[in-house]
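A single structure is presented below for examination.
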Amino acid sequence: MCAIVGIINSKDAAKTAYYGLFSMQHRGQESSGISASNNHNIKTIKNRGLVTEVFNHESFEVLKGEMAIGHNRYSTAGSDSVLDAQPVSAKYSLGQISIVHNGNLVNKNEVRERLVEDGAIFQSNMDTENILHLIARSHKEHLQDRIVEAVRQIRGAYCLLILSRSKMFAIRDRYGVRPLSLGKLKDGGYIVASETCAFDLVGATFVRDVKPGEMLIFEEGKSEYKSVQLFGEVDPRICAFEYIYFARPDSMIEGKNVYEIRKKLGTKLAQKSKIKADLVIPVPDSGVPAALGYANESKIPFEMAIVRNHYVGRTFIEPTQEMRNLKVKLKLNPMSSVLEGKSVVVIDDSIVRGTTSKKIVELLRNAGAKEIHMKIAAPEIKHPCKYGIDTPSYAELISANMSTEEVCKFIGADSLEFLSIDELVDSLGSERKYSLVSFDGDYFINN
Amino acid sequence: MCAIVGIINSKDAAKTAYYGLFSMQHRGQESSGISASNNHNIKTIKNRGLVTEVFNHESFEVLKGEMAIGHNRYSTAGSDSVLDAQPVSAKYSLGQISIVHNGNLVNKNEVRERLVEDGAIFQSNMDTENILHLIARSHKEHLQDRIVEAVRQIRGAYCLLILSRSKMFAIRDRYGVRPLSLGKLKDGGYIVASETCAFDLVGATFVRDVKPGEMLIFEEGKSEYKSVQLFGEVDPRICAFEYIYFARPDSMIEGKNVYEIRKKLGTKLAQKSKIKADLVIPVPDSGVPAALGYANESKIPFEMAIVRNHYVGRTFIEPTQEMRNLKVKLKLNPMSSVLEGKSVVVIDDSIVRGTTSKKIVELLRNAGAKEIHMKIAAPEIKHPCKYGIDTPSYAELISANMSTEEVCKFIGADSLEFLSIDELVDSLGSERKYSLVSFDGDYFINN
Amino acid sequence: MCAIVGIINSKDAAKTAYYGLFSMQHRGQESSGISASNNHNIKTIKNRGLVTEVFNHESFEVLKGEMAIGHNRYSTAGSDSVLDAQPVSAKYSLGQISIVHNGNLVNKNEVRERLVEDGAIFQSNMDTENILHLIARSHKEHLQDRIVEAVRQIRGAYCLLILSRSKMFAIRDRYGVRPLSLGKLKDGGYIVASETCAFDLVGATFVRDVKPGEMLIFEEGKSEYKSVQLFGEVDPRICAFEYIYFARPDSMIEGKNVYEIRKKLGTKLAQKSKIKADLVIPVPDSGVPAALGYANESKIPFEMAIVRNHYVGRTFIEPTQEMRNLKVKLKLNPMSSVLEGKSVVVIDDSIVRGTTSKKIVELLRNAGAKEIHMKIAAPEIKHPCKYGIDTPSYAELISANMSTEEVCKFIGADSLEFLSIDELVDSLGSERKYSLVSFDGDYFINN
Amino acid sequence: MCAIVGIINSKDAAKTAYYGLFSMQHRGQESSGISASNNHNIKTIKNRGLVTEVFNHESFEVLKGEMAIGHNRYSTAGSDSVLDAQPVSAKYSLGQISIVHNGNLVNKNEVRERLVEDGAIFQSNMDTENILHLIARSHKEHLQDRIVEAVRQIRGAYCLLILSRSKMFAIRDRYGVRPLSLGKLKDGGYIVASETCAFDLVGATFVRDVKPGEMLIFEEGKSEYKSVQLFGEVDPRICAFEYIYFARPDSMIEGKNVYEIRKKLGTKLAQKSKIKADLVIPVPDSGVPAALGYANESKIPFEMAIVRNHYVGRTFIEPTQEMRNLKVKLKLNPMSSVLEGKSVVVIDDSIVRGTTSKKIVELLRNAGAKEIHMKIAAPEIKHPCKYGIDTPSYAELISANMSTEEVCKFIGADSLEFLSIDELVDSLGSERKYSLVSFDGDYFINN
């Protein structure tokens, strides 16, 4: 759950990478970084904080050149150091190299142990360092061959961008679990990014998605790029969560608009629902499109009855005793003037631990809602995702431990309904396969 | 266009003020400040920045006591100094006093000139300093009488909170142009705030609006408050812009929910429209409720076809030449997958200079919209507001200089329609009068 | 105990003021500020921190013009706000004005009370605000006359610089307690500064000291300045402490070099001492010149046996239990290899509370010194200074409460000797009178 | 040219390390860092800035445990990243390890190349990473044996501290070029530090110097430490520059007090000088002891005629055209009242490029000095030091390119005299050998 972006053969590449990262801030707010190559050497600036906090005017005096890669990191506990920011840049036997990485390697411990036994040192907690070591330890003469060798040793759901002084490599795992798209910049250069919303901001046009198992090779000064298929067999399974809540609604993933998909999920919910209600309301912002779909299908009026405050910063001042449910209330405020005495269908994108839903139901009740019917635009999350979405362990996943009825009771709703896995797949398009591990526990990438 | 909050007879008053300001961040992002009294002395912390940036844990070690007032300041040019942050605190003949102020005094220059001629010094550019001087120079024995005397010398649209060591005064101008509401805290204390959304976050219950021309007097340790009417005659005219775009949708102003009013404005637009279109889309976030109202009335499908990015910070890195319309694009991204080949009704809350609308139309065209019908949920802004809304001069107001047809051509839309003033008043409720100066030029407060 | 500097008719006046303040950082480390006039308006930048922390490149984009005044503020408790930084700038009946101030007004409470009764408001705790009010409330037509009127109402030890849009006024109290000198810049402009060391850094040449009771008037674009004597009778009494420890040794005060004076104080101490010792050692840095004078006169070898660490910042991490005397040890480290078994004369500039001297003696004993003879290059401080030097109250002044013998016992020295007041005056030059209030309690400026 | 400190078996080890680093701030101001082990894991905090800037109260919540190592880094160009701060911490086959390093490895490129060819990646520019890799790649079972194997592969002038979860290793190269001393803390723990001035601040007692080629092994919970001699043959050659200017005067290096040595260097200069002069003046601070020695020997009066300003920060505001020699003048100000018409002997510690000396001579002339006789308390620097002192290349070393007479002419002095190498050795004590590479070009450590 991070964002990556790469720019090649474009003036002020680092600036374009900056705006690309800016448009993908929703994929990671903990740290941000950019490496740029001016064909002679690679410079890197990275730090904890938002894109607009990490970089300033001086940054782009340092980050010169027509090639750049960038990264936004998602907040995870444990990682308390700038050393865990990306890109990871190093000197090795073929010169200088810099890597950014989105996803998760399932055999990282095994690879790391092998490397460590063989004398490698690890200065961070990131998977990315594994890949660097594999490349550095390869005996192949050319970087491209080394990358191939390295990538064949790792298993997982990942997208990689690798920058050398004169080349950029874009790689997607054989399942294509994480999205990665290719665009063309107005000055003839290329952009590769986790989401197509980055193309819109920088004025690039969508070319195509990078294919599962594909490696694109860009070279300084060359207007053509090469494509290599890294695996004999590919098995495309884009992550369903990208559509459900992770991606921006204006992004196109594998040819499908995220917003439209979310509307379909809501439509599906409405089709199977037997609930009569006065209003359909979303939990903003991610629940909005599904709620629109639900309202259209059910003909129940749509209302933005929960208002979201977007000014949520990092400082947390302990509230007074009288303020309850503060963490949720800082973001969400239900309007009693709309809700008073009403029976409402509430649309949310998922239930993970159940604690937030419980608080939302409580806030809605206090605002006067008479009946609260919670509809979730996804199936029950019963398994931890190991492929890059930050889900907690079995013990914390409420649907891994309770039936729908029990969850409903726990969160205090009058009814609760999820999509079935089939309904989800149907909405996404049954012509393809998806990564659905959180729902079905089918860990298709063997460790 | 600022937010004010006052807390009295409540434990940790400054913390409650902090959360009140946090919930009203939308009313001002330039600076923030809180004064607190522990009955012995008044301490103030203020600085440039968002509420979450100005205060930290240590702040509340300083801001002790059961009384506090706070302020968020709206960004305006010229003001480059912490000296223009509020509250303004001073020592004067009766001791210590601290003031926050929302609104604008129309006779400020006249008052200031008189004061200056009489030897007063002004260390800031704020109206607030005028009031301080008037109170300090009064010869009345009691603060309350001095405040009355001072307030009778100023004319304008304002709300004031005045904190002495043991009292708090809440005052609203005789027209009630700016909103101010009274709530009751769970521990028995009171809260006064520009918007009722502050009550929701801190767990207060709405008591009533402060009346036009009313002064509420709160005293330390007393559970009752007193009310004084400052003017023989009042002439209530709440500012229509609070409903149109300035207030948060979940606030109640003069008994009416802002969100519901905005929906009505959209309904009105739909009722008079003759346009047939495929979609109704809002300019988010403020255009959303009106677009919902329009869609409901017109039966044209509602779509969130423009996605808003909320991570907009202050650093502005100059973009590359290829990026156009950057300032608007940083916030708004229209989705071509929804818009391609469609005839759309676009709902926005107002047109000021016309430049933003022009860019939005251009972005929509680039995203493939076939026809663009712009509907504005307000009348044409033909006059500068002098009562606290930051509107530019006649020269910059596009509707002061162009007919609707000309504006339509300028922004590049296929059609453009505003609400009439009567339709606006009708939607707001014709039982009352409103401040409509920006629309009708009726400057009812004489300078 | 602050530093002030004024620049007129010189290109980039604010930059020169910056360097002037930089060279006088020893006179105040709490806050720093500069006002500059470009003949049209006055801009001010001020903040807490060292000169190099408060200003950056952008500051000088704001502080344009050929006139500037600046200030370094000494650290005092209580003052926890940027509002107590100088210059104080205000708008008043004649336009814009900015003031910096070094010293202390003895009738400030009386003046302030009178002003407050008359309706003035005070936004800071600074004397400077008094003067602003007096000027603003004067009924004279011209600023110069108003300043004269204002200054005649204040009593105290002070130097003032007052900047209007086109003039600068430099004023010294009738006793000339605080130093103020006039220099000429290479480009023909003038500089006025608390200490002449500022002239050396900016390449100015010393012209003369501003005289007690004198007001110099500089005007934009005029190469000549005017001088006005404000008081019929002057009574020059430069503060002895400026020579004893406050000024930089390379400054000339009233025609005398501070370093040379300090050497003389040491010589005097040696002349009356009957102590035989192996070494003379200074408490660095201020005790060095006196120790040199003592060593020269006594023929006892001089050793820099106490090493001073200059990297003392503001963060204070609580030490472990094993570390004692930390606050003194962070700065001073006696060398046992020099001190072991030696009888030493230690030269310090003064004893205030006695606690630091006690710790120094303890450190010297631990370093092996056999006998410790403390010699103080000043008389006993028996009275609080009210004229601008930050001395504590009678209760805390050790020599106000103990005889020399008792102090000697308290600090643990083998002997202790002060200069007598006569010896001090003799060293400073008996042809003049001095402010000696801390020693003799002669508060010659009546409240 | 850095500082290192290690603490073991002492409560709050990181705090003691902090104060140790604080007292050795003169050895490096660019970055600072501490790793602490609580016997379970190693935590590291490091950043650019002074010790007091890098650490705050929260740091010591993280840096728990009874073992810690710390580092101050000297400012060098090129290193623009926190990644070049020490300690370097990593996970490797035996667990976790952290290293700090003072000095320079002469075969670092050769070692690095070999490692890189063998697949190692380097994330910083520091020698320290070489050592980490050598340890990680060793096939020995125990860390101690791995360290021995690693150290035998590197050649250079270095001191190392290596922290594992339960042990600390202190190592000095076989020549003992860089100093490293062992002290005992009051609570029974040990401290190892570059300079003994660290012991004085934390209240430790000197035990002995670590011997050339020695490795001390400390273990958690054990009051005894072990010593291993790493090399069959040692050849002690402490760096002469530590005495000449690098160490603090209050440090003891190899049993000799730095201050006393510097005085002897001045005495030696006086003994051979034929100059008659009015005054001896030091270039402060490092020239002070030699000038005292010179004055004592020559009977010429000593004067602190150049005043040093210690408030030099990092911000550099471009001065006005009129200010010349600014960089030197910001620090040093000669007093004309002392110098006017005088013939002076000026004592400095060394001449590197000659540009600073040239400016000092110019400032002295402008201050009125009649004759300026420059005496350098060291021989001519004719060769770059490769053993850890930051000297420039041959092309920039003035004495590598000019005779003494030419240098004298270049800097504008009336005469110039250096110590001979023999005189230097004589002063340091001819019973030992020294690292004198900068003077004699004898690079005794073969690459």
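Each chain carries a letter (A, B, C and D) given by its place in the written order, and its residues are counted from 1.
To be clear about the criterion, contacts are C-beta pairs under 8 Å (C-beta built on N, C-alpha and C of every residue); 3 or more make two chains touch, one makes a residue touch a chain.
Bear in mind the structure is a predicted one, so any value in this text is a computation, not a measurement.
The chains that touch both chain C and chain D are none; no such chain exists. Separation between the centroids of chain A and chain D, computed from CA atoms only, is 49 Å. Chain B and chain D have Cα centroids lying 60 Å from one another. Chain A and chain B, compared by their mean Cα positions, are separated by 36 Å.
In chain B, there is no position where the chain touches two or more neighbouring chains simultaneously.
Contact topology of the protein chains: cyclic, one closed ring where each chain has exactly two touching partners.
For chain A in complex with chain B, the residues that touch the partner chain are 10-12, 15-16, 18-19, 22-23, 25-26, 50-53, 55-57, 60, 185-187, 197, 200-203, 248-250, 252, 257, 259-260, 288-289, 292, 296, 301-304, 307, 309-315, 317-324, 329-330, 333-335, 337-338.
The touching residues of chain C, counted against chain B in their complex, run 44, 62, 80-83, 88-93, 116-117, 119-123, 132-133, 136-138.
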